[in-house]
Amino acid sequence: MDAIRFEHVTKRYGTEEIITDLNLAIPAGKFFALLGPSGCGKTTILRLIGGFEHVDSGKIFLDNVDVTDVPINQRRVNTVFQYYALFPHLNVFDNVAYGLRIKGVPLPEIKHKVIQVLAKVHLEKQVSKKIEQLSGGQQQRVALARAIVNEPKVLLLDEPLAALDRNLKEQMLVELIELQYELKTTFVYVTHDQTEALAVADQMAIMNDDGEIEQVGTPKEIYEFPVSSFVAQFVGKTNLFKGVLREHCGDFCFCVEGLGDFGVVIDSAKMTACEGKEALLSIRPEKIEINKEEQLGFANHVCARVDGMIYHGRSTEYLLIVNGRRITVFEQNEEHFARDAIVEGDTVHLYWQKENAVVMER
Amino acid sequence: MNKRAYQIFWVGLIGIFWVVVLAAFLYIPYLGQLFHARSRSISIFVWSDMVDPRVIKEFEDETGIRVFVNYYESNDELLTKLRFMRGAEYDLFMPTHYMVGTLIKNGLIKKINKAKLDFWHELDPRFLSPSYDPNSEYVIPYLWDIYGLGVDPHYFANKKFVASWRMLFEPPYDYRVGMTNEPREVVAIASIYLYKNMRMLNGKRRASIARLLFNQKKFVEVYTDLATDSLLTSGACPVVLAPNSAIHRARKRVLWPSFVLPQEGTVMAVENIAISAQSTKDDLVYALINFLYRHDSLKNTCELSGDLPVMSGLLREMALPYLDKDQILGPYFKSVRLIRPLMLRHELFEFWLALKSY
Amino acid sequence: MRFLRRLRLPLFVSGVYALLYLPIVVLIIFSFNGSTDSHTWGGWTLRWFAELFRTPEIWVVVKHSLIVAFSAMALSLVFGVMIVCSLKERLDRFASLFYIPILVPEIILAVGFLYLFSFLKVPLGLQTLIVAHTLLGLAFSVPLLHARLAEMNAYSVEASLDLGATKWQTFLYVVLPFLRPALVSVGSLAWILSFDDFLIAFFCAGSSSQTLPLYIYSRVHVGVTPVINALSTFTLLVSCSLVILYSVLRVRLKEII
Amino acid sequence: MRRIKQAFLYRLTYFLATPAFLWEIVFLCIPFLFIMSASVYLQGRGFSLAAYKLILTGAHMRIIVRSLVLALFTAFCCLVVAYPVAYFIAFRARSWKNALVLLLTLPFWVNFLVHVYAWFFILERNGIFNKILLALGIISEPLHMMNTLFAVAIVMFQVYLPFMILPVYLFFEKFDTRLLEASLDLGASWRQTFWRVLVPLTMAGAQLGFFLVLGMSFGDYVTPQLMSGGKTLFVGTVISDYFIINRSFSLGSAFTCISAVVLIGLMAISLGLFKLVAKGAK
């Protein structure tokens, strides 16, 4: 079942079309992430769900009920805002109790629920503090508590962790996942940070700069099988090659000018669409084996010259040049002392399996 | 020296420094006077509508004496300001007759030197040696005003009009009246209406005058000294209590307002010229006074303000179509009394305040 | 229906503005009134403006008013900046006390000034008006400048000192520019309070220091003459053009810098 | 000499802070003391409460109460009207914002007296308002508006309205509109959002404006004098009359003190009310 469904939604600001004919279904009970570059309109989608903006055409369904013209305060949807938007004149308790008070819930029940939800976000000690006395992470938790205490059908999170430092961010991510698991509420999480999205989401959508959805799927699907170069580049790092797809004795091969032919695995439906046309090949840097000596058992092979190296701790990033093209390769730092250390200027051999390369139309 | 005392010393020093700076700033005018006495200029304090700016201008052009003109709107304002400044600011002012006694008592005006006045013989003797200045020692009568009813004849085209204060205090028809905002005048006129005389009010008289005015208040549109003339011309009030000067001004715009002197008799106000006791510029002041009384300047002033000159000869020359000059200069003059307060000042004030507190 | 509901607020606001400007528009129209009687309409004319410029006494009192208004404005700004910058957050507790002079009815202040000046035998003149109006100006300048300064990022002063500026230079190039918007609004408020003040001037102005409101009051007694209307139109025109000039200049300056 | 200079620089804070405080002391505190002492001092009799005895009679108290009611009414009307206007300017006016704020301040540039007097042309018997109504056929006889309490009230409302809108607007300007969205998002209606979020957070501006208008209209001299036709007295006119016309300083001071006490009392009460509204709104 879909928690939220967009049908042919278009939104304009003035003459500028932010979202054009959007169709999107967000499954119920899942942690759904909406990933896109800054300014692509993902926040607008969130605001449309929340009811802060009105669509210019199309319909929005919440639990299969048309909510296109339902005002904000009557939608069972709550938002955790990017800058928290906590009420400065109320303390932590009153902030969290706000929605319940509005609904006219009796006071003992409010108290019970608020304390419960504050415990969930580990803020039971800050109940009567003022907002300005809290740290950024604590404010974030108050904003979260304030939203979930209302038991919304859908919780919208608008880049909620953007203002936090890295460690806090990771900690909050884990807590968010646990919270979602516990509550089983649909979370819609908007972010421009792919690591966040990959970490939290059960299901995710990638938006491009024009406000179009490029791909919807599980994080793994998205990462392993991007449908477009945009997705491939935006989610993780990749090496892209332009070339032409050909069939050769039942094997598929991808010809890149100046590099040679590479074997790829591809289903026949895609083959018919792509054959003979210009296409793109994407190989993730960590899928490429780098070695100074020649190796056996790999489908594809090129020689390259090392142009630079960046040490990342858990891995090393090699910047390589093959026939004037740049290729990036990650290698896990498995041993304390690697075999023959690769240094700048060395010539190395690169290998990858044909299953690890993805062919895309655009 | 211990630390605390040191601190206090400095704070005190800084405080004193600023106090001295402030004081120096406030007393600048005194310093200015020390260095150069004011040149050929005089400062006069006059009714806002009684001096024609053109006359002053002519005087300045002719003599080269600079005249600073300041205005007041009531005799009480004049007295209060003079008292606060001990009269030092002005050389000449223009009190109404009922204020003259107080000014003399307070030592704010000095005796005039009639020898320096070249028009004394022209003044109407009826205005000389009045009760408030028995030997005409202190003030020179300048202009006078007679009070009556300003009437809109259109309203009374089909209604009967009686030349009586009744039209003002107990209107026979349903119309609104305009009053002046000077309790001295109103109470005096009420007394003339009820008792045909102006004696100090005893308890009984005071009560009946209070009743009369309270009842009248329902019909009163305004108690004001502002622009009485426009009340008549705008049609808001068909009957107003007004000095003739107000009618004079009204008739500059429209020709129909008429001025009626009630048969019960009426009151008048005489404006006088007085010289400040502090003035040190006698020559300049007398030059100005003589200039003000010159026929052409007096005529200009009267033309502008509508007040009557105390020179009967000049009065007869003037074109005053709304006023029966023979009537006011003839036997009727006997029933025209000088306005005076019929109660003590405080009593009159509280009386007026009570009337207006409802 | 929804369209109408959307228009409700803008319509209400334009109604309020219409009410605010009703007397002013009437005033402007009547300053071109050809009739001598200020209460009836007698066709368009410019003669009141001609008369306005031929009446020297008006310009004397205008000059007085301008002197008083500018001095009071300057004093209240200078004193305000001085106290705000020296006490900083120590002023928190007192800042709102400075509002008292404008919350107290002006008439009470005026009477108090009269007592004070007559007790100290201070000669009444422009300088008494200036100090009196400075009190009113301080009522705006101290709390508002204080609030503005509190918004200032404390690090910018430290940054300036770190970059080698002296305290005085920091004040001149960092603090003062930051205060500028507040200085402009406070300054214009203080200026207007002083320029418009009738009651205090009524009690505290000396003989040679009549101000414009006093002059107007004395003229109103005879019935507002169209010359006064013309004067009001003229001041409005001048202030409008000053405001426009200021905003244009500000834009220009921004472009240049 | 150098030591003195150094010591002086060390005391610079005192030096700079003194003038403003000096002004408040010399021109605010001392005059108040003068007024208070004058109210209990009768010439020739020394200390006496006779002045208060006279002032506390019916007529005077009636005047004070009437001024108070009028001032409250004015301030309240201004507050009610100012809120939507300030809201519009702050949140809806977009590019018109600066112009609208500027337009609020422009009326101040017309002299207050002239501003008030202009209402004569509008309200008088054959003034603009009556002429329009007559021409439209709404009334057959000119309405009697000039020289009534209605005229005083409407003029006060009109001239003091900007003093209310401006402070309220200033606090709206500081207000974070995202809080409105947050509140609506949490299920509050517009009305609830208004009372629970907008009002508590802009209360300080409303208070400032309210007290400003209350104080100014309570002691106003010009408006009642010109618009009521002198038929009814208000605090401002009476205080002025006591000093200028009656020259009775003890009575005038006593009246001033009592009106000030009443005004302060009222301000304290309304401060409590404001707090209550903010609290109740929670």
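For reference, chains read A, B, C and D in written order, and residue numbers begin at 1 within each chain.
As a working rule, a contact is a pair of C-beta atoms (placed from the backbone, for glycine too) under 8 Å apart; a residue touches a chain by one contact, two chains touch by 3 or more.
Since this is a predicted model, take the numbers as computed values, not measurements.
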Far-end chain from chain B, centres as C-alpha averages: A
Interchain centroid distance [CA atoms averaged], chain C/chain D, Å: 17
Distance from chain C to chain B - Cα centre to Cα centre, in angstrom: 34
Chain centre separation in whole Å, for chain B relative to chain A (CA means): 89
For chain A paired with chain D, centre-to-centre distance based on mean C-alpha positions, whole Å: 57
Per-residue overlap in chain B, given as positions that touch at least 2 other chains: 22, 226, 234
Residues within chain C bordering two or more other chains: 38-39, 114, 131, 217, 220, 224
Complete list of chain pairs which touch one another: A-D, B-C, B-D, C-D
Of chain D, residues touching chain B in the complex: 7, 11, 14-15, 18-19, 22, 26, 54, 58-60, 62-63, 124-126, 146-147, 226, 229-233, 238, 241-248
Chain B - residues contacting chain D, complex: 10-11, 14-15, 17-19, 22, 74, 76-77, 79-80, 83, 181, 217, 220-224, 226, 234-236, 345-346, 349-350, 353-354, 356-358
Of all residues in chain A, those that touch chain D in their complex: 50-52, 71-74, 77-79, 81, 83, 85-90, 94, 98-99, 102-103, 146-147, 150
Footprint of chain C on chain D - complex, ascending: 12-13, 15-17, 19-21, 23-24, 26-28, 30-32, 34-35, 38, 81, 84-85, 87-89, 92, 98, 100, 102-122, 124, 126-128, 158, 161-162, 208, 211-212, 215-216, 218-222, 226, 235-236, 239-240, 243, 252-253, 256, 259-260, 263, 267
Chain C - residues contacting chain D, complex: 9-10, 12-13, 16-17, 19-24, 26-27, 30, 38-39, 79-80, 82-83, 85-87, 97-116, 119, 131-132, 134-135, 138, 142, 188, 192, 196, 198-199, 202-203, 212-213, 216-217, 220, 224, 228-229, 232, 235-236, 239-240, 243, 247
